[in-house]
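Look at the two complexes coming up: chain A is in both, with chain B in one and chain C in the other.
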Partner chain A sequence: MLQILIQGLLLSGLYALIAMGFTLIFSIGRVLNLAYGAYLMVGGYMYFWVSQTLGMPKLLGVAVAAVLGVLMGFLKYRLIVKTLKGDHVAVEISTLILAVVIQAGIVLVFGDSSKILLPIVPGVINVAGASVTYNILIATLISWAILLGLFAFVRLTHTGRAMQAVSMDAKGAAISGIDPDRINLITWGISGALGAIGGVFFASYTQLSPSMWVAPLIISVAVVIVGGIGSILGTLVVAHIIGFLEVIVVATLAPELRGVFTMLLIIGVLVTRPQGLFGREEL
Partner chain B sequence: MSYLEIENLSAFYGKAQALTDISITVQPGEIVAVVGPNGAGKSTLLDSIMGLVKIDGDIRLRGHSLVGRTPSEIVRHGVGYAPERFNLFPYMSVRDNLMVGAFTARDDIQSNLSMVHSLFPRLEEREGQETSTQSGGERQMVSFGRALMTSPELLLVDEPTIGLAPKICHEIAEVLRKLNKEYGLTVVITEQNANFALSLASRIYVLESGRMQTSGTADELRNDKRLLEAYFGGH
Partner chain C sequence: MGLRWFHFALWGGLIVGMLLLPQVVSNGTLRTMIFANYLAIFAISWDVLSGRTGYVSFGHPFLIGIGAYTTAILTKRFDVPVEISIPVAVLFTMIAGLLVLLPALRIRGSYFALVTLAFMELLYQLVQVIRPDLTGGTRGMSGIQTLTRGAANGYYLSTTLMLTIAVSMWLLMKTRLGTALSAIGMNEESVRGSGLSTTRLKAFAFLTSAMIAGLGGAFYVHYLGSLAPRALFDINFLFTIIVAALLGGTSTIIGPMIGAFFMTFLLEYLRPVLPGAERYFVYGAIALLLYMYQPKGLVELVRRGFKSLNKGRTA
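Moving on, here comes the complex of A and B:
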């Protein structure tokens, strides 16, 4: 029981970080960024290259991954989203194509066998009778710190409030002097950084492989569909529903079924509550 | 040179033309009203000034053309807008809605906020309330407040009395007068309620089907019986 609680909290914290970059873009740009999983993959591989291939400090690896994530976000917005402005289907198809192209690039550079990331912090700790790796514990704590920072940024700064404003009423934001283009660019950058850092943690939780972009994308899509929103608090709540569901399924049924129930949850929500559990547009 | 000069303005939604050849001038410190029935093009006119609609013709503020500028640049030029449907941020508090208005005028936050609170004490009492739970009158106040937080010299107000009780209309008129007299704002309002426009504005333009029908001082139009009957149902 306690084991499930602890595992659930840890996994959900990581899922919240992963999904947050995706829901931000959904909330502000109204785009389902199907290349989002590729940010995680590139972040994970970049961390692997800097910290394991080059043997540089791990923190530097995380920083380089984050910077690359920001750049990918900027480029994606400028080259694809802005160019295809307003055509959602075209944007979403191009993002999916982009993900496949990035996957091919990763195979070309790193080969297609999967790679094990060394734990960011090695060792195991005993939390109230349950054993937890430092790696996961640290990943979750950092995820929470990043999410808290993001929450404070969005609520307390002019730029953060402008992001909320654009997500709630584009015309209202424009007549308040906000340039939606700049806010979108900033949001894509933040999303890229969140994805890349989430990718480092996700890869150290599972492994690096050229197909690792799919699972986190499904988690992110699930959070948007189940929540029906792109709000920070809503993302936290739904990430916990999905994280706990997975941990409970693994512990009581079979590990192979972990993703299946997330899919069933998506379908269940689509059928019974297509607007999502919360269904209001805010950040 | 007038303060605001609109010259041969035409506005389009795709191929559909909503305004044809509109010319308007506004002197500094004036209150001007644009009156016309539903669908006349009043909102389109104000949206055009804000850079929200595709237009032909010229719009100049203090001699500088606003054509081709983004809404954000036009706000920085000193134009504040309280639109017809308010376009508030529904899940933000009253205070956060006002703070979004301060996006381009960060040095004036304290003075603008105290001006807004002295005009609308209710907004200070309710500053934590989400605007999605407010009445129409309260939202109108937030909308005015948000526009004032941008530090405007020119205030555009789209149908301020629509759907509001007579008592609140009266309060709105008072606020607009005060903004004009005490704070020196130049004001352009649109109205279907002709009496409201006549009581407030010094000059009036009458718009119908996207074309300018006539214009004149409030006194001239008050005495023009044919016009009153045509547009204001004879009241």
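Moving on, here comes the complex of A and C:
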């Protein structure tokens, strides 16, 4: 029982970190960025390249991954989202194509085989009979720190409040002297960085492979759909619902069924409550 | 219905041309063409639903998979003859199509696309867990009865199937029903306002699309002789179908066909240069650029080309 609780908390923390960047874009731009999983993949591979192939310090690896994530977010907003302005389905299709292109690019550069990432922080700790690696513990703590930081940023800073305003009403925000374009660009940058950092931890939790982007994308999609329009707290809550659901299914039913209930949850919520469990909320 | 004699002449030319092809080209090319034919069927099926009504499906492999798995299980595990198993597979796929229709009654746009994606992932995980003795679990199945032997016969079968579907869809889309389906994609409210039942129209679109997907999936698996869940319920497979339809041009019949052939042959020609999955890099980049530049696809580019040619002549 306690083991389920601990495992659930750890996994949910990771899921919250993964889903945050996706929710952010959905909440500000009302766009589903299906290439979001590719941020995570590129982040993970970048970290692998810097810290394990080049042998540089690990923190530098994370930093490089984050910077690359920001850059990808900027580029994607400028080149794709802005060009296709307003057409949500077109953005989704083109980001899906982009994700496959990035996947093929990763195969081109790093090869087809999957790679094991060394733990960022090695070691194991025993908590109430459950062995927990420091790696995932750190991932969870960092994810909480990042989420709290993001929450504070959105609530307290001027830019953060402008983001809130754009998410409520882009036209109203523009009348009040906020440049929605700039806010969107910033949001895409933050989302890219969050995705890349999440990818480093996700990759160290599973492994690096060119098809690793699908699973986190599905999790992010599930969080957004089940939670409704993404608020940061809503994301946290739903990440825990999904994380615990998976851990409980794995512990009590069968490990192979882990994703099945997440999918059923997505379908069930979409059919019965398309606006999500928490409905429309501000950021 | 807006039919002209030259429409039939063009179709006739295409049919005769395609059926004469095995006399000219090598067996290797024919095998590539077989894949192109099946991809064209899948792309037409996707287009009937998503290109016309605007309900973008990200879960088409779900429908194709139901058809493929049904006939594979029936023939291999229960020794049902193909003449029965394929119609049953199509029937099952149509029932699955109705299942996908349920969410489409309430949601549309991004949410609908996502729920279909969830359907696909759900089936991918289920076939590996539920009754692996029937579905073959993670490894899938092999040694499924094949319908034809040799490249030429497989080519005739797939070409006949593809052309039959293409021509019947083309005729269907020329009717008022086809027009109504396209109208849903433009403005669902005004279709309802014109006194048409959008629910019935959508049900028709979903059933037709599912029927084609089921037919394609069933014949495809009886051509391949094997199936694997990872190859079938894969985002890359989904990507191939959607891009074939988009590249050629949605809301047309010839578009998805052109797209499918273009895609299959491009990937084939890239094989010597880039042997593995890297081919998708070039391919995807082309698809992305074309989609950003001309979302209506190659057909529209050709049409514009003709228009400017005609203008040049009259001026």
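In this section, the second predicted complex is superposed on the first by the 282 of 283 C-alpha atoms of A that agree within 3 Å, B and C clash if a C-alpha of one lies under 4 Å from a C-alpha of the other, contacts with A are read in each partner's own complex, and residues count from 1 in each chain.
Please note the rule applied: a contact is a pair of C-beta atoms (placed from the backbone, for glycine too) under 8 Å apart; a residue touches a chain by one contact, two chains touch by 3 or more.
Quick caveat: nothing in here was measured; it's all calculated off a predicted structure.
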item: Chain A as common anchor, with chain B and chain C clashing or fitting; value: fit
item: First, second, both or neither for A:32, with chain B first and chain C second; value: second
item: Greater chain A contact set [chain C / chain B]; value: C
item: First (chain B), second (chain C), both or neither touched by A:96; value: second
item: Contacts of A:164 with chain B and chain C, given as first, second, both or neither; value: first
item: Contacts of A:83 with chain B and chain C, given as first, second, both or neither; value: second
item: Touched partner set for A:127, first chain B, second chain C, both or neither; value: neither
item: Which superposed partner A:267 touches (first chain B, second chain C, both, neither); value: second
item: Which of chain B and chain C A:108 touches, first, second, both or neither; value: second
item: Shortest CA-CA distance between chain B and chain C [superposed frame, angstrom]; value: 17
item: Doubly contacted chain A residues - partners chain C and chain B; value: none
item: Interface residues, chain B side, partner chain A - complex; value: 50, 52, 70-72, 75-76, 81, 83, 86-92, 96, 99-106, 146-147, 149-150
item: Interface residues, chain C side, partner chain A - complex; value: 54, 56, 58, 102-103, 106-107, 109-111, 113-115, 117-119, 121-122, 125-126, 128-129, 235-236, 239, 242-243, 246, 274, 276-281, 283-285, 287-288, 291-292, 295
item: Residue ranges of chain A touching chain C (in the complex, touch as defined); value: 32, 80, 83-84, 88-90, 92-94, 96-101, 103-105, 107-108, 112, 210, 214, 218, 221-222, 225, 254, 256-257, 259-260, 263-264, 266-267, 270-271, 274
item: Sites on chain A touched by chain B in the complex; value: 158, 161-162, 164-165, 168-169, 171-179, 280, 282
